[in-house]
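Presented sequentially are two complexes of subunit A, the first with subunit B as partner and the second with subunit C.
The block that comes next holds the complex of A and B.
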């Protein structure tokens, strides 16, 4: 402690700015980690809370994927002796366009029996929560809302609320106001309860329910009850506790969680290099102190511990600040994530309260400290090995020894060979990720040597710009690779990340555009919801013929998309008249032939998978696919695999006849409309709106609307990527600031001498600027090179473990070109402060330095 | 017999026969026999008074076809306008719980009232769906607790408990039966050991030779609310078409 106070504290105080800049890497890494995970956690907790609050006394819930199931199942369940009470449920998320922004969750239940499971009247023996239960049941426009929702929107008993229904906008009447607590706090209080049979009409569900909530007889264990129900209902139904229902939602948001991990790990990784760099410099600068300490009897262990404690403290402060910043940004992220999940998966969830997990915060602190410790390990070890005699001599210590260079070169060759070898072997995740890691390590090992070599290459160019300043700047880099290599490595990693993500983004947009031009070719789309991904409302079967009868319509195809469980993953079934669909759009096949797969699928003799589903589930052409349905398993061979980017979890195309037979669901949620040649899109769109204006709720989208929507969703998705890019570039730029600050401090005497022999302030200034530009150029060259490798691994990772989508490798040259001015500009900006400090310091002090 | 029958005839036909000194079961059996009729029709007014004092009122018509134990009943609301046409079809069985369906004309569809829902309140009144059922007296055990005068009239005090094979929300029901005319005048329903509901029969008159209470008051002692059912235009053994008591007829709104 004494050493820490006498030595470390004094040094830190003297180099306050650098300490802060070094810490920023950790701050950002931890902040992004805490922010994204807290946001994810908050949305998950909100979902679980909603599920639990809505569940009430429910012990088990029966579902059969998104299509739901026929009403008859309810009687079957109610007749099981082990079941005490079983009630039907329909859930939908709608936007009633009231003062409270966003959607409300409509919980539709059978009020005659539901009070056995859910407590609507929360004051014992008090006034009934529904003004008149018989009127509530008799009138399909009855709604019960929470007290909070009523208050926020100025609603009272008998107030009117307008809601979209399958029969167009309808006015609903508030016939009950639930008192606060329990159920009413689900979905942030934005909850409305209505009669389940009325909901069937409102949402076009036919005679189907989404779910059955049930409680078991006294003395019957949940496991016993579940097994009995599973045995009676068959594998097409999922019988789960309410808590287990969250798993599907978790699965949907897991992609986001993975993204959060990647972003923060990259930020921390880059931060690690900045810390490494700072400590390596600190060790060099403090050689004299170390020498004195060693001469006074300090052991190697004590010196090493001193530096490690310093780094741990730095890591701790950085982590604490990171945690605080992370919690601050989490709220906004949670809101964004809630909207994002709603848009992409149609699963609405609001996270109005932030859920901070103390374990996550503790882990983040530990992660920050550990990162800092790892980063400082090598500098601390070199500090411990300092020879006291040499240390007390003046001189330059920024060069790398020949021995160090040799070791690094050998390591670089070994890791590069390993990376190539593992990439060629391919196969399991060990080889893949091992290969990726080896490639990165090889690049890091080669960085100091490559930085010096590139600096030599740059020397003529910079001399051309400014003969003296250019040479001085480059020489500073060449002579001090230890000082620069950490920053260059950080910049290289950041830029490699930018290039790989940029390439991935471009490949995704290109692939999406190709897919849209083939698969999304109808002129118009008819949807019962304002959002094409929302599946709360369904069209009746007869709508296709009604659409076909409209003047100007050449043909119309009804499509039903439903999410079902396949090997515990929520995949998407796309069902339509395959013969009709394939007549208009055939998606590019990656396995199987068009002329074979579509007729077979149309005849109900096979299914066509999306490429990403096949990749994620390791399914191959010709294999048998088995999907559980409420009416027994559906076993069909895979007759084709096509490029389809409709869903991140993958799609399976099944002919409508097969689907209806197994799921007993004849509804649609989108109608694809092709117009006759010469027909005007605007006129037909208007005709459609007029045709259904009085009887059915419809939204008509043009082809452009849908394409814009897909691009918007993709933009939203890549919005997360842009956060990654911003963090990566920011941390790297901070690295440049740090390095230059150190460089200036390190060369104070040298710069002082230059000024003393007549160098102008502007020349000193320009030397620092050019040094920054040189670092930027070297980092750019290495980063763009490593980016090419990283892009390969990103595309592979996307195909293997992320979304299963195989995207084409295209180096993002435009992005690389864009990065050139950005990084050079940032480097210049980063150099302004250090350059000014270099010219404004006292000349006498500078000459006395060291 | 633990069942409290909402319909007037049911209340009357619970008990009968001059069986002073006989055992409780015999009293109940004879009571049923005396109150039997082949059909019944009346118009009823339901008045619900909530704990806060707020009142609501509804009118219905009630028809029953068939004798006790195997009867079919149809209850159709006629006022207020919001509930007009809402109907409940009850098909009673001698050996098991009745089947019940509700019809809501605005939705144009019927829904089955599940057996498990029978303990819930009947559309916001203080009666439960279970209270509307007719059930076989063999499904209960009866004990004569003694004699007690009610409003100056000597009564038997009989306790009925459901047999193990039968499910009921009530652990026991205590009934007071007038010894002179063999009609129940009061019932107290217990859930576990707690008194939860009290039913009082009033305005007992002889209608077509059957002693019939024309007013019933059911009090929910937990919610502190009460429901009064008044009957008008009561007729026994009237001609009713059997096909009126089917699910199809319910759907047609007949």
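The block that comes next holds the complex of A and C.
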């Protein structure tokens, strides 16, 4: 401990800026880890809270996926002797366009039985509503809101609220204001309660419910009750406790969780290289000090421990700062994530409170310290092996030894061969991820050698630009590979990530465009919701004929999309008149023939899967697919697999007749409209709006609107991943600052000599700038190269484990061209501070510097 | 040529240290002057001030009539690169540059055309008898050869003033004598004013003038005829 104070503390104090820069790598890594996970956790907790608070005394909930089920099921459940009370529920998230921004959750219940499950604790004056539910029921425009919501929107008893309904905008009357606490805190207090039968009309649900909430007779255990209900209702229904209902939501947000892990681990990984770099430099610079300690009797173990404790302390401080920063950024991220999940999956959620998990925070601290320790392990071992005799001799700093180079070269060849071998073998995740890891390790091993080689290549070019400054800048890299290789490696990794994501983005947009041009070819789309992904409102079956009757419309096709559980994954059923739809749009097939698959699917003799569903669920053409429905299982062969990017979890196209038979649901979410040749889109759009202005609630989107929407959603998705890029590039730039700071300290004498023999300040600055540019160029060359390999693995990962989408490999040249000025500009920016410090200070001291 | 009037240099720290306490000195063109004195007497500080590497706390330094204290950093650098050549004890060659590149360095910094730079560098390396070592790196040379490269670099623009800080301090006596001969040659053939800081009696004795310092003051100024043989 004394040694730590005497030796390490003095060094740290002397190199404060470098210590801070080194720590920033860990701070960012841990902050992103804590921020993204806390945001994810907050959204999940908020969802669970909403479910639990809304559940009240509910012991079990019955659902049948998004389609819901017919009213008769309620009577069936109520007649089961084990059930004490069973009430119907419809839940929808809508945007009422009030002062409070965002959506509110509408909980529609049957007030006659519901008060025995949920506690509607009303403000004075509203008790009559609950005492006599008939008051509520007798007036279908009744609405109860929370006190917070009422206050935020200036509502009182008997206030009027306008809401969009399937019959157009309708005015509702506030007949109760719920006191704070319990139920009212669900969905961040943005909750409205209405009558379930009124909700059926409002949301166009027909005579269907979303869910049944129930309590069992006294003495009946939840497991017993569930088994009984499952037995009576069959596998098409899910009977779960309220707590278990979060599973589907968790599954949807799991993709985000995976991305959060990747981002933060990548940031930490890059941070690790910066720490490695700093410690490797510190060991080189402190060789003399280590030599003296060894000469005075310090053991190898003591030296190694000294450096490891230094790194652990650095890691701890960095992690604490990272945790604090992570919690700070989590709030904004949680809000964004809630909106994002709502937009993509139509499962809106608000996370107004932050849920910090102490285990996560403790784990983050440990992760930061561990990363720091791993990074410092090799430099600490090198420190312990310093030969005191050599260290005390004056001379140049040690360079990578021949022995080290040889080991690295052999390791690089072995890992590269392993990566190629595993890629050729293919198959299971072990081979795939093992191959990826081997490729990255091989690249890392080859980095010091490649950096020196590329620097040699650059020398003539930079000499051509500035004969002295250019040559000295490159020589600085060649002379001290240990000083630069960590930063170059960090830069290489981050750029490889940028390229792989850039390629993935490009491929995704290309595939989406291709899909949109084939699959999204109607001229107009009619939707009951303002958002095409929102499935709260449904159209009645007769709407298709009404649309077809409008002047200028050639044909119209109703489509219903519903999320159902398949092998515990929430996949999407797309149901429509397959014969009609295939006449207008045939998606590119990856298995099966169009002329075979569409007629079979139209005849109800098979289903057509999206390529990503087939990939994710390992389903093949000809296999039998079994889907559970409220009316027994649906077993149909897979007659075709097509490229369809409608849903990340995958889609299954089923003919409407089959769907209606099994799910008893004849509603639609969207109507695809094709116009007659020569018909004007604007005129028909206006005609549609006028036709339904007094009846149904409709939104008409043009083809461009929908395409723009798909692109917007994709942008949002990739927007999230760009956080990854920003962090990676930032950490790499910090690495350049770190390296240059050390470089100008190392080269203080050299720069002093340059000034003594006549170099002007600007010429010294240019040397430092050119060194930064050289690091940038070397990092770019290696990063763009590794990016080509990383892109291959990213596309494979996307196809195998992420969204199941098989995307075409196209190297993102435009992105690479864009990175050139960005990285060189960032490198120059990073060089400003070090360059200024290089021209300041005493020239005499610089010339005497050893 | 070089004129110092009341030059003082103090180093501020926890305690103020006086390196030069008020030096008045005049050195004529073409003189070869040895600055001698015990460690800490202020010889190197004086050399650094004359060379424009440092600035005096008080007093004036004139080089060819030009007052150095009024110049900004870049102008001082220009004076340095046009009028002064430096020779250091530890050579201060750039380790990654070859002999010819080291010699050419100040010329590149002046943006001379490449052909002229090469011509001059070859000429200078010929002058110090190193034409056979053009592309060698400093680490491939002996101590004496390194110092000869340093001298060639210092002469790159044939500056009127050559400042040398212990030029033989890191060399054996035979090599030291060789370097000294070279410097005297430069002084005689090129007419350069040479100032040498040295602890070596032999070096000091070979100079036409010997200035002794102690505690930051000139305590003795001997011309050749008075220098002890």
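A few notes on this one:
The definition used in the following text is that the second predicted complex is superposed on the first by the 838 of 850 C-alpha atoms of A that agree within 3 Å, B and C clash if a C-alpha of one lies under 4 Å from a C-alpha of the other, contacts with A are read in each partner's own complex, and residues count from 1 in each chain.
Following the convention adopted for this analysis, contacts are C-beta pairs under 8 Å (C-beta built on N, C-alpha and C of every residue); 3 or more make two chains touch, one makes a residue touch a chain.
It should be emphasised that the depicted structure is a prediction, and the values quoted were computed from it without experimental measurement.
Look at A:472: by the touch rule set out above, it reaches subunit C but stays clear of subunit B. In the superposition on chain A, contact of A:750 is made with subunit C only, not with subunit B.
After overlaying the two complexes on the shared chain, residue contacts for A:759 are found with subunit C alone; subunit B is out of touch.
Touch criterion not met for A:464: it reaches neither subunit B nor subunit C. In the superposition on chain A, A:296 contacts neither subunit B nor subunit C. Of the two partner chains, neither subunit B nor subunit C is touched by A:424. Across the complex, subunit A meets subunit B through its residues 74-75, 78, 83-86, 110, 112-113, 115-116, 124-128, 130, 132-135, 137-140, 195, 197-198, 201.
Subunit B contributes residues 50-52, 54, 56, 58, 77, 80, 82-83, 85-86, 102, 104-107, 109, 111-117, 119-121, 123-124, 129, 222-225 to its touches with subunit A in the complex. Across the complex, subunit C meets subunit A through its residues 48, 51, 53-54, 73-74, 77-78, 80-82, 86, 88, 92, 94-97, 101, 105-106, 108-110, 114, 153-154, 156. Of all residues in subunit A, only 396, 467-468, 471-472, 475-476, 478-479, 749-750, 753-761, 763, 842-844, 847 touch subunit C in the complex they form.
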